[in-house]
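Look for chain A in each of the two complexes below; its partner is chain B in the first and chain C in the second.
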Partner chain A sequence: MVKLIAKSPCMGLLPKTIGAVDLTEVEPALITLIAPFAGQTKAVSAALKDALGVSFPAPNRAVGTGARAVWVGMGQALLMGANCPDLKGAACIDQSDAWAIVRIDGVDTSAVLARLTPLDVRDSQFKRGHTARTLVGHMTASITRLGVHSFEVMVMRSMAGTLVHELEQAAENMAARATA
Partner chain B sequence: MRLPCPLCGDRDRREFFYQGAAVTLDRPARDAGDAAWNDYLHNRDNPAGETRDLWHHEAGCGAWIVVHRNTVTHEVYGAELAQKAKA
Partner chain C sequence: MRVQGKGLNANGAPLTFTFDGQEYQGREGDTLAAALLANGQRLVGRSFKYHRPRGILSAGSEEPNALVTLGEAAKQDPNIRATTQELFDGLEARSQNAWPSLKNDVMAVNDLMSPFLSAGFYYKTFMWPKAFWEKVYEPIIRRAAGLGALSGETNDDTYEKAFAHCDVLVIGAGPAGIMAALTAARAGLDVILADEDSRMGGRLLAETYDVDGQAGADWATQQIAELNAMENVRLMPRTTVAGAYDQGTYAALERVGHHRADRTGPRECFWRIVSKRSILCAGALERPIAFPNNDRPGIMTAGAVRSYLNRWGVAPGQAVTVFANNDDAHRTALDFIDAGVTVAGVIDSRDSAHALGDYPLFKGGQVIATKGRHGLTSITVEHSGGTEEIATDCLAMSGGWNPTVHLTCHMNGRPTWSDNIFSFVPTEGSVPNMSVAGAANGVFSTLGCLQDGIDTTQRVLVDLGVDAADVETPSAEDAPYRIEPLWQVEGKGRKWLDFQNDVTVKDIRLAALENFRSVEHMKRYTTQGMATDQGKNSNVAALAVLADATGRGIPETGTTTFRPPYSPVAIAAMGAGSQGHGFAPERLMTSHHATTSRGAPMIEAGLWYRPSYFPRSGEETWLDSCNREVTMVRGAVGVCDVSTLGKIDIQGPDAAAFLDFVYCNTFSTLKEKRVRYGLMLREDGHVMDDGTTACLGPNHYVMTTTTAAAGQVMRHLDWVSQALRPDLDVRFASVTEQWAQFAVAGPKSRDLLNTIFDDEIDNDSWPFMACGTVGISGVQGRLFRISFSGEHAYEIAVPARYGASLFGQLTAQAEAMGGGAYGMEALNVMRIEKGFITHAEIHGRTTAFDIGFDRMVSQKKDCIGNAPSRREGLLDPQREQLVGLKPIEADGKLTSGAHLFVEGADAVRLNSQGYVTSVCYSPTLGHDLGLAFLKDGPNRYGEHVILVDHLRDVRTLYEVCHPVFLDPEGELARG
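Up next, the complex of A and B:
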């Protein structure tokens, strides 16, 4: 029988520390896309709240800590780190292997991201619990703020290498400025 | 240029795809006749001034939006979701 080896999207690429920036891969065991049918958002949100304690997030918001729900587009959210309950009013799609997720920590994180995305990631505009679909370089991505100096960037799995490369390059440039 | 996505707020123009005049929302009836359908399919005004355009927030929330703007002053008056817009 063939032995299959499970590989994470960023295997062999991360973790890395560049200057004041730490890049680590995040691997939630399960990721489920939840897309409520027309008019069902409230009912789906209530069902999620009952089952897992997180509601269906409003646009541009991420909720929860253990089980997390991250808004990823019009009428869509990703449930991460928990089994998706049986939701009558929504399409639920397993996307556990679809996303490459990189966590960025360190004092320079905002400056690094500002080099790559048109989104305003300053503290005053993009707070903890805020999330956004936007561009990282030429890739569509989802950016979530986890803390003062900590972000999570998600792209489709096929672009894991490019994402890591872009982040590395930006972090190296920031580090070079600091030592110049 | 920044466009005010009704879901995401003000976003960079790079995140949007431009479709064209929002007249496509105003589809004629099936039996409206050749003239009406020809006009709907092929003829567009090219106004200098206020326009209503369809844009797709392709690198963002994925919504189709109708943007009301001015091609002369580059002023953007506002935007609404295409699914809620009246043609």
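Up next, the complex of A and C:
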């Protein structure tokens, strides 16, 4: 009898602490892409609210704490960390294994991100609960602000190694400046 | 020579450095140029063309002469300006463009040959014999001329790139920039203040002016401290804003590591700064005067001479003279007298000049000759009272100041000539949302600059709808500039304009004489304004000479185009992070580590890495492995990771209609749990991509694409859904990354799968082109019975977290059954044997008709590309169409890219009957075979064609045949 062993996207790569930055892998176990059909967004949002206490997020917003919903594109959000309820009015697509997700914490977090993404992550522009589809280096990515010095970066699973490498390099460059 | 008690770094710690191997002492806070001058080292380089001895001209990034190389071997950094390089302990600098030594440079012989090397010399001499230019003359000239060089080795230094965002970007931290930043910051805006110097303050650090009753440098330090303490202000010293681009984006280069002995960490950071508004406070650059032999070491710009004294406590000479056409330069004399250094005279070209202090003044005077091969010893002055020779080792010259307008011209703006200052000033609105203040705007007094910085920023605040800030104007000097133009001095000897490119007044006149009268032509003919300083010192004076030579005014003559970057930016900085594998993201399959640990060489497929083949012991070439893998699959079973193929989940009430619209064949008739091959056309009727789509349930499909076109297809579907058919209620998302998918192919494929499935499958439950879910030790996977090899085959998909584990299980089982993993080479051979197409065939210029799939373009419905694909020319039998090729001679070579000709025809383009797209050696059939496009191909089976490959020098006779070589009825896949 075979037994399949699960591996996370960043297994063997994280966690890491470099200078004033901590990199840890986030594994929500379940991720479902929810895309409401035409005219169904309100109903889908209400159904989600009923079932999990999170509504369908507005563009560039992430909502919820336990079960979270993160906007990822026009009419699309990722439900993370919860079983997707039976939503008649939406396409629900399993993406639990599609994303490599890294949480970045520490006082240099914004500076590290500034080395990789054109996204304006100034406190005044990109607050907790804000999210954006953008680039990290040459990778298409999703960035969500979790706290003052905390962000979550998601890229395609196959690019996990590149993401970790680029975050490491940026953090090392910041650390090198600190010792200058 | 140091002057006691002078200099902002008077108490700087002593530092040791070397120049050309000789050890010197400097001080913390020095630039390399300041430290060299402090040690009396005036000769620092050789000129580009004539190898003339040259010294330090300036005290800033505009320096044309004092370029040195730092670092050794691979880490060699050429063309470092000594005037901006900060000194650190242990710095080792080398001079450039001199051999065997700086003082005895044999290439100085070029100087004697200068009559033959004037502007455009290479268009006139070295012409014959013709072949000699490329092989003999050019290499010699290139070796003799030039600046510093790279090592040619790979440099593993780190560079970085970064982004910054702000409301207001202030460029330059002199008096105007400081007031601009304060005004914007006190109004609560996010401010970035960038300055190319290591210390902010601009000219206030180099002058003895008071501001608000205290020394200018101290005042600047205080203001910078206030700015630094504000949360909404970011100070970026050592950062040169190098370019202005669309939508408030600026490129900037920060020197991060150049001033540190420790080479860890980044050398430079290339910033992209995005701002709502920018205020250019870049100051002005002093211009030299073109008088005979004005290039000797010791002849410097007057402002720079003051900088060395006031900022670094260095007197560049012991008997200083000044040659100027304006009042400002007289300050040099005043400052040196104040410091106790002899001022041998001030030569002022203006008859109206008057002395501002106690020094000999030569009114209406001009310097007509200089002496001193490796350093200035004397000058000859002609003035109203006669001619005399004055002993001097430092001549401070000033032809006036040019506002630093460069950035305002980066979006094709042209500056405006001002008769008030005899220079160009920025034209308002040249760069959207950029304002200009201070000396960069032609305002030259300190008070004027401070006030302009405030006023300009207040206007910006009004524009942004922000309440004006409460800022008082500090008190400061407000002396008039008083300039009369002086561009060149006649006399015997060369009058240098562009020191970096060895361009003289005579060269400009020669260009005009030879009808290169346009300023852009003159520039290219003489090379004036090229290389690292980009003519910062010479542009305006060269224009003036050209204007004079062509009988036009300077405004009519115009300027050349200023382009980014303002000062040199290392390509390494712009390409930071892209060395080696950093060039592009790497997409790794879940089987990647298992694959590489088996020694499989990886090839790139887009961003993905896929195995070419899995070598086994005893196999010497890739072909050995490939042949074995093909035989293995056809005889037993093989496993191949096909996760890289695009997978798109498509759902919605109109999903089937959507598929019918994007595929040329019909999908609305596809039953649940079945798979169908589909062909997608572009809007021009040519083939875009192919793949299979499976119906997983009601209104639920999963489409596969080729690896190469996955992104293109996804973009296409988005376009169709959003722009062409928004009426269709359909949603889709890429699930490429969600599923790890493996092809299991070969007669034993089902046996293998049944060893790992929770429930066994058979031919009835899983016929050819069936699909559905299967359990593998409780994990739900998807099984598709499809085949790209022609064998009885499946593709099994599991959530990617299980991919590595499943690949291990499958390959282990396969090996136990006489099979194993196979790579792209074997995959390719098997698909050619079966006549299956890839993007080698659907390369963007072929139609469904060309590949023999015309009947797939359903005429019962409409689809993208249908109508265009019916166009007359696209259905012409004479079009090149897909055929197979098999050899007539046993060892006949078949090469991809070769063209096909009828026997007896000349192998020239017009006679080409078609071309070969894919070739392989088929171990199954025992010979080479290929796919090709041939005119009227399907009607020519059995004909012979000559294959000609001019590149590889191959000519072979081949027979045209049906493109499916193996199992044309497809019985293997169904069995």
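Just so we're on the same page, the second predicted complex is superposed on the first by the 179 of 180 C-alpha atoms of A that agree within 3 Å, B and C clash if a C-alpha of one lies under 4 Å from a C-alpha of the other, contacts with A are read in each partner's own complex, and residues count from 1 in each chain.
We adopt the following convention: a residue touches a chain if its C-beta (ideal position, glycine included) is under 8 Å from a C-beta of that chain, and two chains touch if they have at least 3 such contacts.
Remember, it's a predicted structure, so these values are computed and weren't measured experimentally.
K.L.:
Have a look and say if chain B or chain C is in touch with more residues of chain A.
P.N.:
The partner that reaches more residues of chain A in the superposed model: C.
K.L.:
With the two complexes superposed on chain A, say which partner A:99 touches: chain B (first), chain C (second), both, or neither.
P.N.:
second
K.L.:
Please indicate which partner A:133 is in contact with in the superposed arrangement: first for chain B, second for chain C, both, or neither.
P.N.:
first
K.L.:
Is A:118 touching the first partner chain B, the second partner chain C, both, or neither of them?
P.N.:
Touch status of A:118: both partners.
K.L.:
Examine A:158 and indicate which partner it touches, taking first as chain B and second as chain C; both and neither are also allowed.
P.N.:
second
K.L.:
Identify the partner contact of A:148: answer first if only chain B is touched, second if only chain C is, both if each is, neither if none is.
P.N.:
Touch status of A:148: no partner.
K.L.:
If I apply the document's touch criterion, which positions on chain A are contacted by chain B in one structure and by chain C in the other?
P.N.:
74, 76, 118-119
K.L.:
Where on chain B does chain A make contact in their complex?
P.N.:
7-9, 11-12, 14-15, 58-63
K.L.:
Going by the contact rule at the top, pick out the chain C residues touching chain A in the complex.
P.N.:
Counting only chain C, the residues touching chain A are 158, 160-165, 190, 256-257, 260, 262, 264-266, 272, 274, 577, 582, 584-590, 607-608, 649, 651-653, 722, 729, 731-739, 755-756, 776-777, 779, 798-806, 809.
K.L.:
For chain A, which residues are in contact with chain C within the complex?
P.N.:
The touching residues are 1-9, 33, 35-38, 74-76, 90-91, 93-99, 114-115, 117-120, 122, 124-125, 137-139, 156-162, 165-166, 169-170, 173, 176-177, 179-180.
K.L.:
Which stretch or stretches of chain A touch chain B in the complex?
P.N.:
Touch list, chain A to chain B: 59-60, 73-74, 76, 118-119, 132-135, 140.
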